[in-house]
Structure formats: C-alpha cells, structure tokens
Amino acid sequence: MPVMNIKKFSFTYPGVDHPSLKSITLPIKKNKITALIGPSGCGKSTLLRSMNRIHDLYPGNKYDGKIELLDLDTGKYQNILEIKKENEFIELRQKVGMIFQKPTPFPMSIFDNVAYGLKIAGIKNKSELKDRVENALKGSALWKEVHDRLDKSAMGLSGGQQQRLCIARAVAVKPEVLLFDEPTSALDPISTGAIEELIVELKKDVSIAIVTHNMQQASRISDYTAFMYLGDLIEYDKTENIFLNPKEKQTEDYITGRFG
Amino acid sequence: MEKIFQKLSLASATLVFVLLVGIFLTLYSAAKPAIDEFGLGFITNPEWNKEVVVPTAQDTANRAEALNSDDDAITDEDDVMIADEDDEIADEDEMLLDDEDESVTKTIYGGLVPIVGTLLSTLIALVFALPIAMGIAVFLAEIAPKNISNIVGIAIELLAAIPSIIFGMWGLYYFAPIVAGIVGGYQVSLLTAGLVLGVMILPFMAAITRDSMNTTPAVLKESAYALGATKFEVIKDIIFPYSKVGIIGSIILALGRALGETMAVAFLIGSIFVLPKAINDPTISIPVAMANNFGEASGLGESALFYLALILFIISFAVISLAKFYFLKKAK
Amino acid sequence: MRLLINKIFLGLSILSAGIGLAFLAWILITLFMKGLSSFHFSLFLNDLIEGGLRNLIIGQLILAALASLIGIPLGMTAGIYIQEYGQGKYASLIRDLSDIMMSAPSIVIGAFVYAIIVVPTGGTSGWAGAIALAIMMIPVVINTTDSMLSLVPRELREAGIALGASKYKVIIDIVIKAAKVGIMTGILLAFARIIGETAPLLFTSETSNYFSLNLNESFPSLTVSIYDLANEPEESSRDLAWAASFILTVIVLIINLTGRFITRNKK
C-alpha cells in the first residue's frame, strides 16, 4: 500500500506560464525507498518540495491534481493539496519530514536541535524529551560521537555529523515519510557512505523519497526509481528494472550517461 | 499567535511610512504661516528677522489715488524701509490696534542666507574631501597590503564614529586658527566650516567608496595586469569605470550627510544672517539657523525656521533618493 | 613615463591615507590632551551645578537607553517584516523609506519631535529627547536586521518549517538566533551613534544643570551641555567641555570597538 499517492499532479511557479511539473502520477510505497532522478531542471526537487508543501513558504504557486497522504491510524487518504489552515500545515510537516542538500543545524545546542521538533509538537516532559533525543541520535548513528557534548553548539560538528543530526532531528518527531533532497551532495565520500547506510536503516520505520543526481546512489539504496525529464515522469519502476532494463529510450540515454 | 506576530511586525514597518509622512506633514503645517506669508519668495529673500513698514489702510487708499493720477508717485514696493533697530518680533495684530502709530511694521523672514550657506559649506566640504577620500579609498582597496588595509580601514571607520560635536570643538579651537592664519579673515567663516565639514565626511566617503571599488571582480583586474598594465592604469581603466556608478552614489550620499550636519558647522560658521562676500566671511546654514534660533523664536519666526527645516528635508530627501535609488541600485 | 605616472599616483594615494590618519590622530590627540588635563574623578561624583558631569553622563545614558528600549523592538520587528513577511512592493517601499530616513538630517528629526511633543506638552522633556533619538535609531536597526536576516540561508527556514514549526516560531527560535551576532553588532553601532547625537536633543530634551530622573521635564544631556559650555567665554567652562567630550568619545569608541570585536570573534 502506498503511503503517498501522487495523481495527475501539475505544478506551476508564480510568474511562469508553463507548468514545471506536468501531470505526474507516482506512488511512494510504504517502508521503501523511492529515488527521483533526472537531469537538473527536470522537476525532481520541485516534486519533492510539493510533498510537504514547503513551496507554500513563497506565495503564488499553482497546484493541480492530487497528492494523497495515508493516515496510518485511520487508513484513510487525505489530499494534502487541499490544506489551507496553518495547523493542518503543521500537522502535515510533522508527518512528512525533510532533509536538505546542505546540513541545516539550528544555531543552538545538539540536544536542543533534536528536541526542537518535539518541543514545538508540545512535548514538555523532560525525561521523555531526553529519551526521544537519545533514541533519535542512536537511530542516526550519532549518539556515540556526541553523547558527551549534547549541550555544545551544533555548529561545531563536521558536515557529515551535522547532516546526521538533521536526520535525527527529523526522525525524532516520528514522521511517516521522510523526504531527502540530495542529502549528500555537500559531503565527502566517507560521510556520504554513512548517510546512505543510515537511510537504508531508516526504512524499517519510515517511507522515504530521495532526490539524487548521483545515479550510483540511487541504484545502491533505492527500491523504486522514477526518472523525470523536463517536468514529465518518463519512467517509474523497480530500481533494478530502471537500471538494467529500462523501457524508455530517454531513461537509457540518461543512465548510460549520454546526457544530463 | 502567528497572526499577532505578523500584524505586529507589519505595524512596525508601517510606522516608518507614518513617521516619514508625519515628518513632512508636521513640518509643512508648522511652516504654513510662513509659507502663506512669504510664499516661494522666501527662498530668494536675503533678509531675516527684519522689521519693515507696511502700508496702513489709509496709505493704501492714498496710493491707489496716486496710482490713478500719476505713475511716478508710486513708491517702489520692493524698497523696504527699516522701521527701527529693535530685534523684537513685532506682532502684527497688536500693531494694527495701536492707533497712534501711523507706520505699521511687520517682521519679514527670508531663507536665502542659510540656504546659500548650506549649499556653499557643503560644496567646500566636497571639494576638500573628494580627492583625499578617493586617495584613501584607492589606498585601502588596491595599494595597501591586506593587514595594513584592515587596520587603516578600522581607524578611518572610527574617525567616522566620533560624534560631530567633537569635530566642531576641535575645528573651532585648533583647526580654524591655522586656516585663518594661512588664508586670513575670520576664524569662524564659510571656509573653516566647510573644511571641518569636509574632515567630518571624509571617512564616511572613503569607506563607502572603498566598498564600491571592492566590487570589481578580481578576474577583471588580473586580466589587465596580465596585459602589462600598471597599477595606475588598472585603477583608471578598469576599477574606476567598473565601479563608477557606485562611487558617484557614495559621493552623493556623503553630500547628503554634509547638507544636514549641524554640530560640526555650528561652532564654525559664525551664525549670522549675512550673505558671505568672500569665502572667509561668516554666515549661517539651515541646520545652524535652527539649532541657534529655535529656542528663542516664536510665532512667525518659529514658523520660518520650520519652513527652512522643510526645505532642508526636501533637499536631503531628493539627494539621498538620487544616491540610493539611482546610483547605488544601479551599481548593484 | 607610464611608470613615473604610476609612482606619482600611488604616492598621492598613500599621501591621502596619511592625511586622513593625520586628522584622526590630530583630533584624538587634542581630545586626549585637553580632556585628560581637565579630567578628574570628581567629575563623576558632582553634578554640573557643582562643576561636575555626573548628572549629564547619567542623563545621556538614560536618554540613549530609553531610545533603544523604544527603537530596538520597533526596528527589529519592522526589519523582520521586510525580510520575512513582506512581499513585493510594500516591503521594498518600506526598505527604501527607511534607508532615506537613516540619512535624514538629525536636526529635522529634532524639529519634528519639537512640533509633535514639546509644543503640545508645553515644554522640553526627557521623553521628547528619548523619542527623537529613537526615531534616529529605528531605521538603523531596521537596516541591520534586514541585511543580517537576509544572510541566513533559506534552507534553515525551510528546515524549521519542514519540522512543523509555525513561521513566527522559526523566525524567533532559528532565524534571529542565527543572525544574532550581526544584529547585536548593528545595534551596538546604532547605540554608539545616538549616544553622541546633539542636534536632535537641542530643543527636545534640552539639558539641565541638576541631577534628574524625571522624564517629564528638561533632562540633563552631556552633548547639549558640551555645546553650551564650549560657547561660554570662561576658560573653566571650556575645559569642562573638553573633559566631557573626552568621556563621550571614550564611551562611543568603546561601544564601537566592542561591536567590532564581537563580530570578529565570531568569525
């Protein structure tokens, strides 16, 4: 059962007359990793940023179609494009977390970074906060490195550690879906390896969509892959099919490196 | 909560708009009596706080008759007569009630002297500061090694932070005697006021000109050096043309500062409402006229000072807008 | 020939820098010599009426502090509006107007406050002086807040929103914290600027020879008194003016250097 269903979804940026995404239909399957690949400008990030409606920070975007999110408690789908109220947005973003290209540690201590999402979600109990921060940091393979300096500023961590901290921060609020927007593009190969391992580990608890320009990364970690080109979804299939046996010519050209 | 915070910040932002419009309207309404009385002629009238005889009703009637009979009999209206030496502001209504006095007087105010004083002192400041500021900017941006440039840069910026009243005192007691010793004339004069004003805007002008010059891309400079250009040629042919618009904007911005400066000028310009005949004569500027006369003025005199304030506000508004929105925006 | 021109030009430029520094040195040396020779610790203990400066220093600090209390929250929230909430024309209009106001002649601000506060309330007062200084300060704080917030990466805001924080929470908890050092430096520089202002106080707070904490009457001001003292014929008054100028400059330069030091340390 898909945790998210994108149906005939189109997206237009303000002040642009043609849509940047054209009638995309795509499932995000539960406890799987779905990779979005394609040359820059294909709309993969735009699609990802529609899935938690972070686009709405900037006014004037036009949506069309549906993006349905499964409510794990009731088993019902909700069309997130219909959300208008502030509290519904907050609820959506607690269910659908996001990790960005560059690490985004907040200017506060390591502990407060991870606890931030929990605090704004209304958790005040100190021991519960402590437990959940610890669990999130352990789940992000960061606990060992930082357990003795939780009260130090998060700015002092290395780039790879900062990115794992951001993952811990997102995981701490127990989202249903995690969106990764090229999470390793600013990191060195060793940190990248650690993050990739972590992402694979995370899919036990959460469904994942990841945008990447690194095709090896997509093939290494994802279960499903969607290839996009100029705002269209060209092909979506199991990852091994996309990489070993693509049905479309454009997909084949891209993954064999003929363009992009 | 979100809404409240957003509304609050919108209100603060709107306050800027309200303040600026408020300043304009307040100055205008306070200046209204003077504007009604003197009109735009205020700007070209060199007399300040001068009592003149106004024709009484009878006079006017006589003159109307005279006008009918003989053109030559008309007294020239521009030829104002000085009634007495008294500096007190005459209340017109009171005078009209005074039936004994046949020649009724009123006090007239004209803004020419302070306007000219403001413009000339700014011009002197600019002529003095411009070449030195450009030299400093070139030195900081292109010549000095990085560590020296940083230290000198901080020193220059600290000079900009010194309160203007200090410049005024230093100028009056230490700088002006030397200038007067060389040039002759009064120690308090248009020249010394302009020069001290120049010293005051110097660091500001140098700092922002340096910032403009620093926007020149390094590649551009390097490719000129690679062709064998000297430092002077690179500065003249690459950096100046590239950052020209920004530099002009910086100069005009400094000019805007100089126009409105009060304290540095107040000590030195002499504060008398007389048009200067020579560069080393004392005179007055708009801010100084306000600083030194506001306390004592009332009625029409106060209104005339507000008229001056309004003129200063409009001039500096125009100058600053020109710098910020034409030159500095274009430079970006 | 080209090399000669180059040398002359470079020489002139270095000479200009020398002239600039010479002026700085001249002013500072004068100030220190005259200031220190008239300086005595009893100046901090006596009020102007007794030949000291205590009431003036405290008065000036109170005026500037009060102005900050009014100006900083207003300026910061307005800056937040421009950078975080404002869209399109209105925000950029406010930004432009604030830029203009930053360079508006300070004496005109004084005249404005005189007309809207001193005249209706019937006299000069500490409040009027503080408000005039606050009006001077607001655009500077707006400018700093605006430009420092603009340096905070967009991703940091998005990361906050993506965690489910509402916008104002993100602004207060994350964005402002990230820009804290820059904003603080800007505010310190703004404070240093208004504490040395004379013109806006001349006919708003005026000054007083006595110690006063009553903001409803004429309020002691160091700068306004410097202007009065410096214009008096007695040597002793002028010496006092120099001592006061020395103290004022030391205060301004310390605040200024503190601001620069904070930013530098952060980097």
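Order of writing sets the chain letters: A, B and C. Residues in each chain are counted from 1.
FYI, a contact is a pair of C-beta atoms (placed from the backbone, for glycine too) under 8 Å apart; a residue touches a chain by one contact, two chains touch by 3 or more.
From a predicted model like this one, the values you see are computed outputs, not experimental measurements.
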Chain closest to the assembly centre - both centres taken as Cα means: C
Two chains sharing the most contacts, counting C-beta pairs only: B-C
Most distant chain from chain C, judged by the mean position of its C-alpha atoms: A
Rounded Å distance between chain A and chain B, as computed from the means of their C-alpha atoms: 59
Between chain C and chain B, distance of the C-alpha-averaged centres to the nearest whole Å: 21
Chain A-chain C separation of Cα centroids, rounded to whole Å: 47
For chain A, residues contacting two or more additional chains: 86
Where chain B touches two or more other chains at once, by residue number: 2
Per-residue overlap in chain C, given as positions that touch at least 2 other chains: 166-167
For the chain C and chain A complex, residues of the former touching the latter: 87, 153, 155-167, 169, 173-174, 177-178, 180
Touching residues (chain side chain B, partner chain C) in the complex: 1-2, 5-6, 8-17, 19-20, 22-23, 26-27, 30, 131-136, 138-140, 143-144, 152, 154-156, 158-159, 161-170, 172-174, 199, 202-203, 206, 230-233, 235, 253, 256-257, 259-263, 266-267, 287, 290-291, 294-295, 305-306, 309, 312-313, 316-317, 320-321, 324-325
Residues on chain C engaged by chain B in the complex (per definition of touch): 2-3, 5-6, 9-10, 12-17, 19-21, 23-24, 26-27, 30-31, 73-75, 77-78, 80-82, 84-86, 90-91, 93-94, 96-101, 103-112, 114-116, 135, 138-139, 142, 166-168, 171, 189, 192-193, 196-199, 202-203, 223, 226-227, 230-231, 238, 241-242, 245, 248-249, 252-253, 256-257, 260
Chain A residues touching chain C - in the complex, by the definition given at the top: 52, 54, 57, 59, 86, 90-94, 97-98, 100-102, 104, 106-108, 116-117, 120-121, 166, 169-170, 173, 179
